[in-house]
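Here is the structure we will look at.
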Amino acid sequence: MTDLLASLRYEDWILHALIWLPLVGMAHVVVSSPERAKNLAFVWSSIVFVLSLGLWWGYEPGGGGFMLESSTPWIESWGVSYSLGVDGISVFMVMLTTFTSAIAILGSFEYVKTRRKAFYALMLLLETGVLGVFLATDIFLFYVFFELTLVPMYFIVGIWGGERRIYAAVKFFLYTAVGSLLMLVAILYIYFGGNAGSFGYEAFLNADLGLREQLWLFSAFALAFGIKVPVFPLHTWLPDAHVEAPTPGSVILAAVLLKMGTYGFMRFLLPFFPAAAQHPTVVAVMLVLGVVGIIYAAWVAAVQPDAKKLVAYTSVAHMGFVVIGIFALTLNGLQGGMVVMISHGISTGALFLLLGMMYERRHTRLIEDFGGLGRAAPLFATAFVITALASIGLPGTSGFVGEFLALLGTFETHALAAIIAATGVVFAAYYMLPMVQRVLFNRLDKPQNRKFPDLSRREIVILAPMVALMIGIGVHPTPILERMEPSVQRVLARVEGAGAELETASEEPPHIGLEGYVGDARSGAGERVPGAAARED
Amino acid sequence: MVTGVTTVESTVTSLAGAMPLSTPAFTVQEAAPWEPVLPGLIVLLPLLGFVINGFLALRAAAASSAAVRSGTEWNPFAGEATPATHRLPTLVGPGVMLIAFALALLNFIGMPDDLHEPFVRSYWSWIATGDLRIEAALQLDQLSAVMMLVVTGVGFLIHVFSVGYMKDDVGYPRYFSYLNLFVFFMLVLVMGSGYATMFVGWEGVGLCSYLLIGYWFSDREKSDAGKKAFIVNRIGDVGFLVAMFLIYQAFGTLDFGEVFAGAEGQLAAGGATVTAITLLLMLGAAGKSAQVPLHVWLPDAMAGPTPVSALIHAATMVTAGVYMVARSSVLYALAPVSQAVVAGVGVLTALVAATIAIQQYDIKKVLAYSTVSQLGFMFLAAGIGAFTAAIFHLVTHAFFKALLFLGAGAVIHSMHHAAHHGEGHLDEQDMRNMGGLRKYMPLTCALMWIATLAIAGIWPFAGFFSKDEIIWYTAAWAGAESNPFGALYAVYWAVALVTALMTAFYMTRLMVMTFHGTNRTGAAGAAHLHEAPPVMTLPLIALAALSIFGGWINVPEGLRESFAGLFGVLPMSEWLHHWLEPVTHAAAEIQVAGFGEAAHSAPLGGGEVSWALASTVAAALTVAVSARLLGTRKYVAAAADSGPRAGLPRVLHDKWYFDEAYEAVIVRPLLRLSRWCWRFIDDVIIDGFVNATAQFARLAGWIMSLFQTGQVNMYAFVLTVGVLLVLGTTVFLR
Amino acid sequence: MLTPALLLSAALFVIGTLGVIVRRNAIIIFLCIELQLNAVNLAFVALSRYTGIEGQLYVFFVMTVAAAEAAVGLAIIISIFRHYETVNVNKFNVLKW
Amino acid sequence: MLLDYTSSAHYVLALLPEVVLSVWGMGILVAGVSGRHQGGSGQELGWLTIAGLAFAALANGWLYFGVVEETATAMIALDRFRLFANWIFLLGAGFAIIVSLPYVARQRLQAGEYYSLILFAAVGMMFMASARDLMVIFLGLELMSIGVYALAGFNRRDRRSAEAGLKYFLLGAFASGFLLFGIALVYGATGSANIQVVADSVRGGTAVGALMGPGVALLAIGFAFKVSAVPFHMWTPDVYEGAPTPVTAFMAASVKAAAFMAFLRVFLVGLDGLYDQWWTILWWIAAVTMVVGNVIAVVQSNVKRMLAYSSIAHGGYLLVALVAGNDVAAAGLLFYLLVYTIMTIGAFAIVVTVGNQSESNSRIEDYTGFGWQRPLLGLLMTVFLLSLAGFPGTAGFIAKYYLLLGAAEARLWVLAVILVLTTVVSYWYYLRVAWYMWMKEPEAADGPRAAAVTPLATHIVLVIGVALIILGGLFPGVALDLATGSVDGLRQAVGEAAAAAAAGP
């Protein structure tokens, strides 16, 4: 495979292709007929997905820095360049995006019946935006893509959404815009105040910022990303957006757009402001918000009458795990956060697809309108149960790996937060199982539900790979973990100020280097030397 | 492997120059360790069964759902031939279990006596990041071998029983797929080589329990029960999770081998860490093994098919907590406080559940509470450090409780037919509707009496030996010279004795109400009462045999000596004790180091033999007396009996109001809190703030636009005011 | 001499300003504006005594501009008079808020 | 070519664009009244006017690329700042005329007067940008204003137009009184109305403080009125709403641009030495303008009026550049005005189209479902709105970013934060138009709107405009360099002049 990719000079064009092919597809969709739009969109997004698969081989973990980098000056006078790159953190986000985009487009075939050309064009535009966010290594470029994703999403929610679609769309747009615009000011501050000299990622890393400055800038960035995530008190746009969005919109929103926030945490927030990120108050605040998000969102989810809103709140809870994982500032925590991001993308995406299928069949999202579907639609019920279980983090599914690592990592530095967050495991069951019961189990007492068709072949094609991934990642996450590890280590080393060790380790070949790398980081951190644990009492 | 060899070779090459490389010079190998026979396959087989049965289940469900959509009911048994989806599971379900059992037995027999280190085989690296290395690995040692035998053995028998019990069920393949999946997870639980792997099985069996309790998911109560089981279990799982974090923090690994090897060196005995770890593990175990106060799910779990109750909620899954405590014996031995807590919870559970069992009418509920009670005994044993006794009781309990449940299943099966044909509605599980069944199902009655005597602790049935050992060790450790909780242990011992007698009582009550006295099913129903088919009775017979002889695997030394003549022929004196020695000896040594040697007499005086004799006599007397007393009572059918009206009996009948208390203190307040969070915090405060910001902007805009009156004079005035402001600030305020 | 002249100019200017604010008749308002311009002219003339001849020059520019304004302004006032039959600016408030 | 004013032809050459336009305007005026076009659609006149603008633009290009200025103190500057500004005005005028073509025809306006007034106003604007003398600024301003007063009230059949004209006229004249008084005071304080001389005087400390203070304040007020900064903005919504829509577009874009050009030159060149005194005032004005403009726009239900308030808000953004007072901000201001001209006239062009080349259908409800009825126009409007909102991918973003860059360089963080927060507010009302266009389903009772056919030319121009907006958003490099280069010599001259003054007597 590697040879094949090399012969195609894969590394030269792949990132550009990933970003711009959806736009080509969009143009194609626009000039085609409405009937062909959906197939074209699916074909184009599938092409992008297939191409992105090559990153699995094309990306070598190595030292954890950016790979496949390319940089062309864009706005030279401002020090802005069109720079792309991929590292262990973004590579999976990219693949998640290409995957869920294709799936979401496939999942919208029945849902979207009107204005199809516009819809699929916007979906492809959205894909470009999101991929740009994950691939940009220039802050300006990143910002442009970050904002760009708002527009297609705004229209997708606003045009094809439900009753209160406009309220939801505007709320989504304004909420997120507040944060990102403040972040823009912060970016400018780094550029000038920190004498970055350019908008390149490295330049920003080397910006010269004092602790007070870092704290302010941290707040601005954290607000922008925190709204996107969303972190606890900033989350109320999400349920509305999810409830009103059409199925594919919800899928993309949950699977990918939220990840832009946590991705921002890892890519920008921690490395840019290492001093602020380590500040005890900051850590405490973020952990508290994460923990509150986990518990609170679970509670609120449990009493939702609307299934989609319920799942929307579960997103908040899941992302809480990511937040605490990240701000635990431990390797396990960060890795766990990453896995939760991937896992949540797949499982919640699948849940939204399933809810969409319910809506297509019954035109209601209220849980009480269902019941006993397990008898009428066993395949549907099976997929639903597996997805729900992955969502609540049953071992053997992807959800567990992420939550376990995130909690473990949090426990290492902030035991209390981890313990409280761990109760989220109970509350996950508390919100998810009643819904499963009220939708799939109980008596099949509503006549309309007796006619509930089971999964069609297309729907099986949609759900099968997602279910496979949930279980696959749950059973064997190590290939993913080891690809992410060097990059995550790098973030961590940056925060811990252990940059020097990183350089030496990164020159070693990847697999052996991994071991030495870990060793270095550990001795650098100076924790848990064998026998040290006996120091207690 | 390859790299290792290469390294050796290259070293050799550099040393000896042009030495031929065709045969590696040195590949140092330790003395060939024991190789079990296909340990992975034991686990894999039930999974395979799950996959096959699951596929069949989906096929069947497709047909069934098509019928539902067309408004009819699908009956797979209506046609000439039963469809393949309902024939194959009969072969696959029990089949994989039989092979797995055979393999387990093979490995059990082949396990060398001098195996001091568990055999561990790693299949792949499950979660590996940083210095966290969690292998997907199985381990085989004496303890897991015993558990494997119980799981696959009893599991096989129950699979066979299920073939008869479930044969008319539409979801037949689904049932077997769940059951196979359960066995898979249970095997992962007992064979996992670390806490993380164990946790996979731990939650996996919880899942299967959930699915099987709610097997008849169209019934709201049944699926409620499943949900309850899952959620309560998860409460315990949080404890397990946090315990794992603590273990990882203390040891840097979750691997059993490394943890237990390092425990003594790295954790101070009685220290906060080890106490916390063990208490948290205890929380997990309490959830899974239905200990007070997390016991409430198990009685509800009887909503599942009866074989499920036998397999999951009596023989195997609920004992996982005991297994886990026994597995972590080293840690518990290091934490005397936790031990006292474990034992205390155990004995309290035993007592509470036994009292409740006395006043239940549902045959399965009685058995459920009796299970909880017996689990309490096991926890008592594990708590006082008698890990072997705990496992011993676990094993014998698996035999006789499975027998009881399956027997009850046969009764219910029979009653079901009676209820179906009888007049009016008849609760087929209510003992008040039974009575006199001995006449119709003599074999079942006899077999269940064996189990009853076994659970009552009457010599020489299995329960006598195991329960007696627990009681005796409690007494012995109570008297240990430096046990700080000696007095507490003495109380435990007394309570355990009383509870043992209560066990005898409520079991006798069950037997009397079910099988003796007059029949209360009504004539029409009674005509359809019948003995179960052979496919159901054969497993019962096997289990009955085990209930009789199963206790002989661990006849205490003292007893053997006293009854040398009888036991001399049996080479099994304290066999289990010796067998488990490699697993438990570390804990035993720590315990002796901490508490001193166990005493040789009970707190009230008297040695092991005398107390054993006394207890079996007391139990026998209880059985005899209560049988006599209860047998003379006139029972009326459930329809005419509302149970005890007031006082303690009513409290016991209503299960000490645990469920009501939880409902009032936790469930409903939590729901109210949740709703409040949603309606108030989310909708009013946060969204209120957000919308208020928007409203404020609009209001401000509206107010400001009021200045825009359209009047030129007004505009000129505002302009002038602006001029004055600007002039004022530049000129006069300087 | 400069200060009194400038003060006078300022006073005239303020009077013009007040007139614009309080008067309702469009033509009167316009005349008040003319008053303002002429106040400035006065200031220019006064200042030119110290700064040079340009000040007086500017006056002519201003006068020209004022004349042009008057032409356009009166045309506009006539135009609106056709619609409203009045030059009371209070009546002209179709456009507001 | 070097213009050293040794020959009188040099004076003409230095003013070539203005001269071309003035002459052309008179020609149009004559052609308009020459009967042949009386009562016609006036389309030919419109195209003729555009041709004149094109010639002026060519002349301007020649000056920009081919001519070097000799002196830095001439009354009329021949710097790139002026010439870049000229392009913006010419572009604005041309764009406005294209938008006007069908409107003038349908509303039967006197084409000759209409187009020539636009040309004369453009000449006034060009003088404002080129003036290096306060008095020339005043003259340019009045030339522009008088033209625009007339244009605002041009549709005599419409009482709203007349009202707009009257209000604009009365308040405009009122405000220019303040400006003029300010000029007089500055003149008195420094002894000259020449901006370079003023600058030197301020630097040298020879300016009379007692006159200078109020003078600067009154100058600021005069300009603030023209850029409709709060609280001198009261006229803006009424006039913008009442004036014929193409005129509104022209006003919103070019008049504001011209005022800013003069504002910038006077304050950043002439009064640079007093930066410490005036920046706080402007800071507050900028902040209040951004807040008030955006917040009131939120509650508007008339699209034209909403755009009027939004233009006030944009004035506030641009004021930030003045407050920043550095080269980056100056270049940002130029670039912003260029982009702003395109996008705001583009947006008004759609308003005209929706309004059937008249003043109807300007309520926001009238936009319901417009996007799906006329997808191309809807899409164009959406892009214009997004650009106005400053959304990435459009030139509006780059422009706003440029302003922020200037503010950041001046460390105006609070102002920058106010700018972005008010931008969020602006998203609301821009998006509102988008949601009416795309997301609301029209009521069945509503008949088809925008029935009048929009000429192909308008379509083409709008598409080009959108293309420029997006191109400017994606590849702004060339335009940015042009803007940066245009302010290059602008403020250095102050230093040189100061140095010269210091070295002098």
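We call the chains A, B, C and D, going by the order they appear; numbering starts again at 1 in every chain.
Definition applied: a contact is a pair of C-beta atoms (placed from the backbone, for glycine too) under 8 Å apart; a residue touches a chain by one contact, two chains touch by 3 or more.
Please read these numbers as outputs of a predicted model, since none were measured by experiment.
S.K.: From the Cα centroids, identify the chain that ends up most central relative to all protein Cα atoms.
M.R.: Given all protein C-alpha atoms shown, the central chain works out to be A.
S.K.: Which chain's mean C-alpha position is the greatest distance from chain A's?
M.R.: C
S.K.: Please tell me whether B-C or A-D has the greater number of C-beta pairs in contact.
M.R.: A-D
S.K.: With centres defined as the mean C-alpha position, give me the chain B-chain C separation in Å.
M.R.: Once rounded, the distance between the two centres reads 96 Å.
S.K.: Could you put a whole-Å number on the gap between the CA centroids of chain A and chain D?
M.R.: 44
S.K.: Nearest whole angstrom, what separates the Cα centre of chain B from the Cα centre of chain D?
M.R.: Chain centres of chain B and chain D, defined by C-alpha means, are spaced 78 Å apart.
S.K.: For chain A versus chain B, what separation do you get between their C-alpha means, in angstrom?
M.R.: 36
S.K.: I need the residues of chain B touching at least two other chains; which ones are they?
M.R.: In chain B, residues 694, 705, 708, 710, 712, 716 touch at least two other chains, as defined above.
S.K.: Which residues does chain A have that touch at least 2 chains other than itself?
M.R.: 174
S.K.: At least two partner chains per residue is the criterion; list those residues in chain D.
M.R.: Each of 166-167, 170, 174, 237-238, 428 in chain D touches at least two other chains.
S.K.: Can you name every chain pair that touches?
M.R.: Every touching chain pair, ordered by label, is A-B, A-D, B-C, B-D, C-D.
S.K.: Show which residues of chain A lie in contact with chain D when the two form their complex.
M.R.: Going through chain A, the ones touching chain D are 74-78, 115, 143-148, 150-151, 154-155, 158-159, 165-166, 169-170, 173-174, 177-178, 181-182, 184-185, 188-189, 191-193.
S.K.: Which residues, counting only chain D, touch chain A once they are in their complex?
M.R.: Those residues of chain D that touch chain A are 372, 386, 391-393, 397-398, 401, 404-405, 408-409, 411, 413, 416-417, 420-421, 423-424, 427-428, 431-432, 434-435, 438-440, 475-477, 480-481, 484.
S.K.: Can you list the residues on chain C that touch chain B in the complex?
M.R.: Against chain B, chain C makes touches at 17, 20-24, 26, 29, 89-90, 92-97.
S.K.: Can you tell me which positions in chain B touch chain D when the two form their complex?
M.R.: My answer: residues 694, 697-698, 700-702, 704-705, 707-708, 710, 712, 714-716, 718-719, 721-723, 725-727, 729-731, 734.
S.K.: Considering only the defined contacts, which chain C positions touch chain D in the complex?
M.R.: 6, 13, 16-17, 20, 26, 29-30, 33, 36-37, 39-40, 43-44, 47, 50-52, 54-55, 58, 61-62, 65, 68-69, 72-73, 75-77, 79-80, 82-84, 89, 92-97
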